[in-house]
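Listed below are the structures to be examined.
What follows is chain A paired twice: with chain B in the first complex and chain C in the second.
Right, the complex of A and B next:
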């Protein structure tokens, strides 16, 4: 674990990168010939979705390590990553919904595989919280949550595949969203936004982790006093 | 006896224990049978007149999933009420055998409910072909493999009746896709192989992780 001191620095870096990303996306990158201004959400929607995947993946990785080698702290780390993943997953749904409204005229489209996949994932990980808060604290809860987190990463590719298959009989025509070729500046803006949002997830994870650790510590102290 | 034969003996003994309990107490299977039939009857009134067969087919899957949930909610009840799970965990057998035995017993109950549900569906709504039946069979394996593990998780929680459907339904979505696809799509084989893949992935995962769910 790196020292706690670099957290403010990381936070400033994240804020700077996010600002740069906004400037690049709105000022520098050319407006999309096809979709106009509404395409700008692409620079945030897609990186948010990728970050959510990364968070779920890291949560499952920590869960795997917990089952493998043990260690109470990994439970908290896995939980915090999944917490971030759920936040970013919900943001993906919101931004995706806005984009769908802007470019297809509807708030929700079952034809967008990405949106449907995130709906399934957000439902799945919301159930994680329900499970976590209804099992008594202890070694068994850590392991149950870890197993559930592992099921989550198996569910991602399986659902992805299932949704692809389902669009066969739900939507006979496949939605193609192949826009015009991405220009150089567009790609740079996308990368900067992606880096900024990944960093943001990491900073939020660190802050959340410190908070949760302090919380657990406080509870221990209180129990020791009474 | 070799290791595999011993394992199989354990699994069969555990599954047989569940079936025998059910034969004596009869508190799960009759409820599942009645539930699946009443659901199909309700669906007749929920479907507007003139709805096509594809829509009715989706309802069969809703009936199957909820009937399975009804059975799964009671799957670990005998162990919990008697405090027998601790005994099973301490028994000198591989813990994954407990999961496999429970899955097989649940599969037997679900299979019995489907033996009633599928002909009833064919009678009330639309004909069912062989690919659709194969879809039902493959999806049932997945339902029981995943469901008996999730039911064990839910049994450890406080709000177990509420938690289980929340845990189970997102994981059941791919099964519904595969099952409905096998029934109505012209290329049903794709969906059958998808269901087989799902069964394989999640059965291995559940088999490998069950131990962590039940040990204190």
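Right, the complex of A and C next:
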């Protein structure tokens, strides 16, 4: 089966995994002794954040390939990955904010470095779109956007490790050097949700890419016919 | 709000985001279909002219 026509299969697999993840998180995994039911947000919040990092990372990788070997399609791929990263980044902030309200009693804490760093990361990539749409289409825009996407990727390890290096310890650290601090069923539910949300991001990426490419082909066709 | 309502809100937000994304893609698909139809019409007109 070619990579082009496996999209419906991937979409169905995503839907199935999402459903399974929700069942595992709410029915199979036990309730957390400390946080109670609000801990259930973890099963979507953390995978969404990890998926956002992956999307930004893949956007930067495509940008690097563009600068390295060229190719207009890589610009579109980098742009689409960054778009997915921004969607998942915004979802991370919203679900995290709801979890913070449920657990800490506040929607946001400016004193927490990891929250502020993640916000900076998302805002940095929001500015990518402003940059992209303020420069005329062409090779110059492709290079400028690629360089910007590469700069942004430096923020990912800073944001990721801030959770471990933070001195305030407000944000919980579930994955330590001694392994995941949760039961096997909780960890299984987490892994299934992570796989489902990563697959969701990939399916969304592929659908958007098909749309953008069709758009470009139609533009070319219109130019040729008129 | 209770803890359970916050959990429902968090999962609901994710669902709404995905549905909004589907609506945006559906709108784009409708536009692409319209534009393809216009181009097909243009091509048919050219063929009948030539």
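Going forward, the second predicted complex is superposed on the first by the 195 of 226 C-alpha atoms of A that agree within 3 Å, B and C clash if a C-alpha of one lies under 4 Å from a C-alpha of the other, contacts with A are read in each partner's own complex, and residues count from 1 in each chain.
Here is the rule we use: a residue touches a chain if its C-beta (ideal position, glycine included) is under 8 Å from a C-beta of that chain, and two chains touch if they have at least 3 such contacts.
Source: prediction; values computed, not measured.
In the superposed pair of complexes, A:8 makes contact with neither chain B nor chain C.
Legend: residue contacts after superposition of the two complexes on their common chain; A:71 is shown touching neither chain B nor chain C. Of the two partner chains, chain C is the only one that A:48 touches; chain B does not reach it.
Contacts of A:16 after superposition: neither chain B nor chain C is touched.
Of all residues in chain B, only 54, 146, 149, 153-154, 156-159, 162-163, 166-167, 169-171, 173-174, 177-178, 180-181, 184-185, 190-191, 194, 197-198, 201-202, 205, 209, 212-213, 215-216 touch chain A in the complex they form.
On chain A, the positions that touch chain C within their shared complex are 22, 36-38, 40-41, 44-45, 48, 87, 90-91, 94-95, 98-99, 101-102, 200, 204, 207-208, 211, 214-215, 218, 221-222, 225-226. Only residues 67, 120-121, 123-124, 126-127, 130-131, 134-136, 139-141, 143-144, 146-148, 150-151, 154-155, 158-159, 161-163, 165-166, 168-169 of chain A touch chain B when the two sit together in their complex. Interface of chain C with chain A (complex): residues 3-4, 6-7, 9-11, 13-14, 17-18, 21, 25, 28-29, 32, 35-36, 39, 42-43, 46.
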